[in-house]
């Protein structure tokens, strides 16, 4: 055992990178769920983003075009879900699962011929002066820009939900769609926009995987990251800041576990791998039992189908 | 390497001489894959071999495959349907297909089954084949020992099963022989294929000082990470140099093609018999990808020499004296490991500091 | 402007017509996709939908296989449908299925190699109890702490998967398996194996149980007060409370039933078609069953048909891979499309489309 070989500063920095894809996808899903829509298709949207971002980045040599296209492509398939659940009023759980199935299949078809291709590098930006600060410099200011963009997006979502009128409308729609309708808000339109945002964010998360974290395309490469993002939203009790904490915790447990193994610490990997899920259930129990339903922050209309005539 | 091409070309010559004469109806050969053909790993190597078969026999064969088949009922159904639709030879290319292949074999005594990496052979139309990957690992272990500057080698392992443990031991013994100060850091990711986790594991190993990475998982993510971080790595299953032209020292290649061609030819000639083979460098089932330019000339020569010695049967990677991790003797001076010991290997050799999980 | 108007009762015509229409639309869209991939679309559709049933060469085999593939899907989906009707969302059937299999296999492995009549019934009991108990976790957390059952049941799937992997490599590993992960072959252990009851029919105890579940589900739904309560709770929760429906007991019942049937499905699968516990034992039946439940409109007879239809696309999809070289991803996308069309068109049976001038607000 050689714990001294673990450098905590480097460890925290790599936890942040490991958490970025799920953080991006979960931020999108948070908005979607806040509007009262449960989209279980995150995995399908992520992998669509991963492949489309990869194909465009590899084709144009520009990773940023790749990210943009990934967001667009995932947004497009999220709208299939949106139209079926919002306009045609089908069940969200079943449609979301269908979206995952469809996305996994479609991505493999799109990605044919892209195995073994190297994407253009996403440069790590060393911010002058800031990245030279001891400890904090390496942790905060020595990443690729997507890490910072994901942090900014979390802040933006927090501001949006807490301080803007649009955020208020979104929350109202998610809390009680009939009341929101009575107040004159367009429930379906708001939800479609939330779904589209969720799709775009999942696409970015997927592209982060294929362009930065793994840098390559392989079939099924998200390997369940979309489902972890879903769990994360619950873990966070639908609060952006907790989402950030949760993402780093989830990513952190994985990275820490790998580092402990590398240092020769004998840990029961199989049982440790269960721990993020068990912890999430525990957190869920604590937040659900200790306070009233409203404080729980769970959108009241989550997974309920909305029709104006009801 | 030379040997492999020699063997392949002789098989080719043989095949060309015989097959067109017999080929009235194409022989239907089925392949059952556990993963997608686009995994760039295990399944991709089997599919590359299938394409080699098609190229070799031309109109003499008709191959078909089903990918991403879960073991159990699904695998059994796929194989049965292959048998029913006239396939005469079926390659079940995953360890987990063993019981299923045997079940189907019982019902179709005229259909031949070839099961990769398994151990059950209940019927005389089931053949087993496997590759001595540990031979390849011995050579890359040697190269790693010579190339490392930090004396730390990172190993990304999948599941703690004999095949993987055998590989770690083989690599360690030869790295140690090349560089007595070498130490191994081992991470188990509990998956054969999880690019993101493999990438994270690679990052963790590099951060802890490893400058050479080895992997017993299927994705090429560790190579890409090694390239990004300016360290070295070895590919798995297929040549992964595209993912890291500087990092990629070489890769252990799974070359199933020559064996598949040989077995198909045997069916065509009606000489097929169930066997249980474990092929290595000698037969060309295990090979190394071209060595990276950065490997110095002397190390390169040593590697080539090792390959030839192993292929010629002059050197066995597990030759005593070797002790178990706890210090108890396993192989005496000059003794070589019996295959049974290797196939059931559940201990590390002396010197490895990590412990096997569970 | 197009307006959707809720029908007072679902249209009988559209209820019957939409699945047919959806399958036809999927064939069109899927055919287009196959053509884009350079494969003959007509042949592909024929192989997927026709050959497994009527191909002279192998239909006699694939027809019974349809039951083997659809059996667990139907069994799980019937259990899930009750909860879904009552707005109780158990999406963790995959976990309950895995735990049921682990419990059933655990009993078999504990008694190995004893031959006795009581082993198989004991496995059935263990499988059912295991699945039930796993489903009781979200049920109790929901009734006690008001915890969201969608998420707890989903999270428990991952826990079950990790447990499966740990046991397949640890406690349950075959001692004669040369150190490879995976248990003994339970299907080859006479007292524990779930064999075909009548040769070449595909009928094993799991399929029989699935059929019983369909009938039992039908009776429960239409002839029993519990079925009425379930429907009432889903459609009008407040009215249900007035009618004396105890919501907590309903949660316990719906989740428990789903877990029980999923556990049974897992147990029958491990003792029969799968034959052993292995790392990859859970191959998504629990998730696919959710799709089956909705395709079948949460009705037992509909689920029976939906299970068979989905089973057909699996088996036909394998044949299409084998015979045309279609990638398995194309089949996945095809199944996704089928689901999308069915769900999208379902609207027609519940709503009327009206063309109306835009209202002046």
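Order as written gives the chain letters A, B and C; numbering starts at 1 within each chain.
The rule is simple: contacts are C-beta pairs under 8 Å (C-beta built on N, C-alpha and C of every residue); 3 or more make two chains touch, one makes a residue touch a chain.
This is a predicted model, so every value here is computed, not measured.
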item	value
Greatest separation from chain C - chain, by CA centre	B
Chains most often in contact, by C-beta pairs	A-C
For chain A paired with chain C, centre-to-centre distance based on mean C-alpha positions, whole Å	28
Interchain centroid distance [CA atoms averaged], chain A/chain B, Å	36
Residues within chain C bordering two or more other chains	165, 169-170, 327-329
Shared-contact residues (touching 2 or more other chains) in chain B	36, 190, 358
Chain A: positions in contact with at least two other chains	108, 112, 219, 270, 273
Residue ranges of chain A touching chain B (in the complex, touch as defined)	5-7, 10-11, 14, 17-18, 21, 108, 111-112, 115-118, 121, 209, 213-216, 218-223, 225, 254-255, 258-259, 261-264, 266, 268-270, 273
Chain B to chain C touching residues, read off their complex	30, 36-37, 64-74, 76-78, 80-82, 84-86, 95-96, 99-100, 119, 159-162, 190, 343-346, 358
Residues on chain C engaged by chain A in the complex (per definition of touch)	4-6, 33, 37, 84, 89, 91, 141, 144-148, 150-152, 154-156, 158-159, 162-163, 165-166, 169-170, 287, 290-291, 293-294, 327-337, 339-340, 343-347, 350-351
For the chain C and chain B complex, residues of the former touching the latter	57-58, 61-62, 65, 68-69, 165, 169-170, 177-182, 185, 187-188, 269, 272-276, 278-281, 283, 314-315, 318-319, 321-323, 325, 327-329
Of chain B, residues touching chain A in the complex	36, 38-40, 44, 154, 185-191, 193-201, 203-205, 207-210, 219-221, 224, 228, 240, 242-243, 353-355, 357-358
